[in-house]
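Next come two complexes, and both contain chain A; in the first it sits with chain B, in the second with chain C.
The block that comes next holds the complex of A and B.
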């Protein structure tokens, strides 16, 4: 408080001491009440056998965590989520990078392209998921109609356990690509044009050659940042599973957040759901910390 | 020769970009087309790209009568705008203090803000739900709005922006007798329009589209937000298989944000990518 009063005196201002609490207290109290304290409570609950609606609560140590690691449904949801992230991250980044490179320094129709690629970022995913479900319908869907008219075998996209997660990943790529295009365009825009021209003079004349020797290394920090952002976002896959597959067929699309949702708000196994939440939080925080480090030193030439 | 080559490169670039754009736009086009088809057309064995008979009127009428669609849209607008107003009212003074007033504890507060940035709603959701269940707040607008009254991202974003505000103007306002809250609302916030606009788009789009939290706290269809209401409508109409009406409802639900995006493309792109751009 003394530093605050000192600066107050120095400026000779007429504001009283009450003004600082009025500025920061509401935000601080709400931040504690709706984010930090409940998150700490989740960590505590993960060491108990609490079930919502049941009386009593016992400390069970690491019981929930040992249940978790021996539960094959948990591991299945981890594998499913990992598969989703492993398809969406490279898929979305490859497509976004290609689009950004093709869009850069082009004038004609760029506005149309930006709108087209960015539109899914704004559109309600629940609504679009119902459309995708219908497009991927085994008999009436547009996707199979296109496949068969090209002479391919129809695919039972969402009904086939081998294809269901892949189908959701295609929706995930579709939804995230526009966001990443914008980040890559910003990254490309920050590469000084002289470097590119110098490379051309140095004999890196082919487009691909120049991309591999100049653009790609300089885009490194942007790419790393985009990778982590996409990973954090795709880890949170929930809507498309909840709307379209509800974890099926044959548990092939049960993902982490959906398991947490079921355990916490359908089965009310609060203690166990808390342990799942803590595991989810640990992965998320690790990725975000990496991301913060990367964005601190985004530029390195 | 060189010109031919660049013409060829340009044609290749445009065909790739157009193919990609077709993939991106296809679900939107398909949603609107299907919303105009009759049930017969939708489930026809021989495939029609365009409606063979006009079913649009029926579909949109049943979307508004079988689902409380108007109510859903009003709920969505009320909830997301309330959240936005409360977030800015709470965050702006705090952001101002962190940006402009050196005080003991500001470092700790900033660390708490950064910590809050890393915690997604799914983490505190469980204790908040339990608390709401105990005090009987489930199935209320309060339950939809209050947990989002604090946006650490809003504090973070506004603090970055306020930092560049000239200190002399604040000093002059103090000498003129402005209170600190007066300085925030009458001087600093009005000149921070770009940051407020970017955050508004980020917040409204996020909360209009959110499913996780409404799904947890709301079971009454009359209190549902658009995504939740759409999901309830989908479950109820599944037996009837009324895809056309479902697509009509979906078209209505995405329309406000899509139209707003088309009118203010640059602001939307900035607002929604501001989490990733510095």
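The block that comes next holds the complex of A and C.
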């Protein structure tokens, strides 16, 4: 350690203008300006009754937070978001893994399928929402057409409070599968060929045996990363709610980010919205820390 | 009566040959697209033999091994293992074990788990193999116990029993090598296939593992095919070596037979340390002892003018004077290895220097650019035709 510092001092002396603080400065400034200072401002605002456009503000302590805890709309948005995440994360990972495993074995048209699965990632949801509204339309939608032709009852996907969140989750899966397929394909590609071959010689040469012995364990790091990004992304569900359901019907699709948006930009209660944001931030950070800890313990062989 | 006896004898000979053949490869061809990497390989590997496939990189030796393992499919020809045609069989039905160059251990499994994979896959039923609930299936615990015992026995025989709980990342290169060997021997296969298993080890460990592999082979008495590009490994370990070039086996025989009696210029060059001296035949016949050499080569010299002679550094020596020498030239370089020394001599009119093996005491008195005379042992000269094939002495062969 001392040798490390000594060598730094030496190079610092030689290239005086390139001293340690100078080198760290650009990153520090960017981090402060765009991440840390805004976060600090939000945290400070969450302790005030500030409203956008109002001349003054008062310090209200934990008032916003106690409002939040007793706000049943907030808790409903937490439950809705949790339901969404609980469907999208496993659904998207399972679908993506399945597609990646099928694509990996294919020789022909692999590129076409990769692009096809990746398209929803690049398409803007605001535009694609129209298509989904058509598909999920209660009377002439493709989805209900399919259900009735299979002998099931039609579903009012976006109008039924029991179904609206699930419908958005299906859209969420459709949207995130492509990206996860690419990640899983990269993960599959990084499994050394010799290990697959060794498994084949050892008797685990196909199907479930190969998957359980080699593929799934060696995909561990990829799966963890996919889980983390999908979870954080689906926690931030906002676009589809805003464009398709506006939180309805009967607040059944009111999610956390939509509540924050309403408080901040519809009701202008900036202080309260800041408190919600801080709570949301805390959940996200906790999730990331948790996953990192798991990855340290389990993924690195 | 008489014919039936002959038939009987012929039959028994045939049967014993089949029984003695562990692997038979017939007319094997492998092409990748239009590129033919292996052309018409015929090979019989005897039961219990240590056969080495040796050749430069890209000669097809690894492809041949992978075809035998079932990791590649043959374009033409067939392969049988222990008398059973396995040309179309998947790897696990061939009863072969393979050690890969980079060991290919399962990184997420401990050494014990790595070694037990082949046994689990073979002995446990489909449900018993399932994670978590598998061990609760009927009879699973007895099978798992016997697997554990066998893994421990194999680990003990390789002196890695203290590593059983570790993961591959916590092992040194040599230890990983042993674990890979352990995973191969634990299930007692018909045939072992080793693909350059020592090339990732440092020089000292490689020499050590060489003798250990030979001992292991002797102890297990199993058929072993070993792929290497290292002629020292091939020479020191094998019962027989097969020298491969450009998808063909040029020669197959005991290490001594291949060394002393190479069939092809490339074989002689490859199995040679530090290298084979090659010269146009005319250059040697033009020397003071040309007549003598001409006599000993017999009919060869007459058979063509574009012949090349090859001789190893130990087949020549320094001569006292030009009168009794075959070649003369200037000293370019002296390489002393302690127990022996090699002098590189640049000849007039020869494309590359001739390497002469001498006693270190002889080398120490030589100066660069000094003129030296070289005498070649006529009995250790190989003559090769333009296509590289050996031209043999008809008269001597007849006698």
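Quick note on the criterion: the second predicted complex is superposed on the first by the 246 of 301 C-alpha atoms of A that agree within 3 Å, B and C clash if a C-alpha of one lies under 4 Å from a C-alpha of the other, contacts with A are read in each partner's own complex, and residues count from 1 in each chain.
Everything below uses one rule, namely that a residue touches a chain if its C-beta (ideal position, glycine included) is under 8 Å from a C-beta of that chain, and two chains touch if they have at least 3 such contacts.
Predicted model, so just to flag it, every value in this text is computed and none were measured.
Looking at the superposed arrangement, the partner reaching more residues of chain A, out of chain B and chain C, is B. Touch criterion met: A:197 reaches chain C, while chain B stays clear of it. In the superposed model, A:115 lies in contact with chain B only, and not with chain C.
By the touch criterion defined above, A:209 reaches chain C but does not reach chain B. By the touch criterion defined above, A:250 reaches neither chain B nor chain C. In the three-chain superposition model, chain A touches chain B and chain C at no common residue. Looking at the complex, you find that chain B touches chain A at residues 9-10, 13-14, 16-17, 20-21, 23-28, 30-31, 34, 42-43, 47, 90-91, 93-94, 96-98, 101-104, 109, 112-113, 115-120, 122-131, 133, 146-150, 152, 155, 171, 174-175, 177, 179-181, 184, 205, 208-209, 211-212, 215-216, 226-228, 230-231, 234, 243, 246-247, 249-251, 253-254, 257-258, 261-262, 265, 268-269, 272-273, 275-278.
Contacts from chain A toward chain C in the complex involve residues 192, 194-195, 197-205, 209, 212-214, 217-218, 220, 301.
Every residue of chain A that touches chain B in the complex is listed here, in rising order: 1-4, 7, 11-15, 19-20, 22-24, 26-28, 30-39, 41-42, 45, 52, 95, 98-99, 102-103, 106, 108-109, 111-128, 130-132, 134-135, 140, 142, 145, 174, 177-179, 182-183, 186, 207, 225-226, 229, 236, 238-239, 242-243, 257, 260-261, 264-265, 270, 273-274, 277, 280-281, 284-285, 288-289, 295, 298. Chain contact summary for the complex, chain C toward chain A: residues 69-71, 90-92, 96-98, 100-102, 104-109, 117-118, 121-122, 129-131, 167-169, 183.
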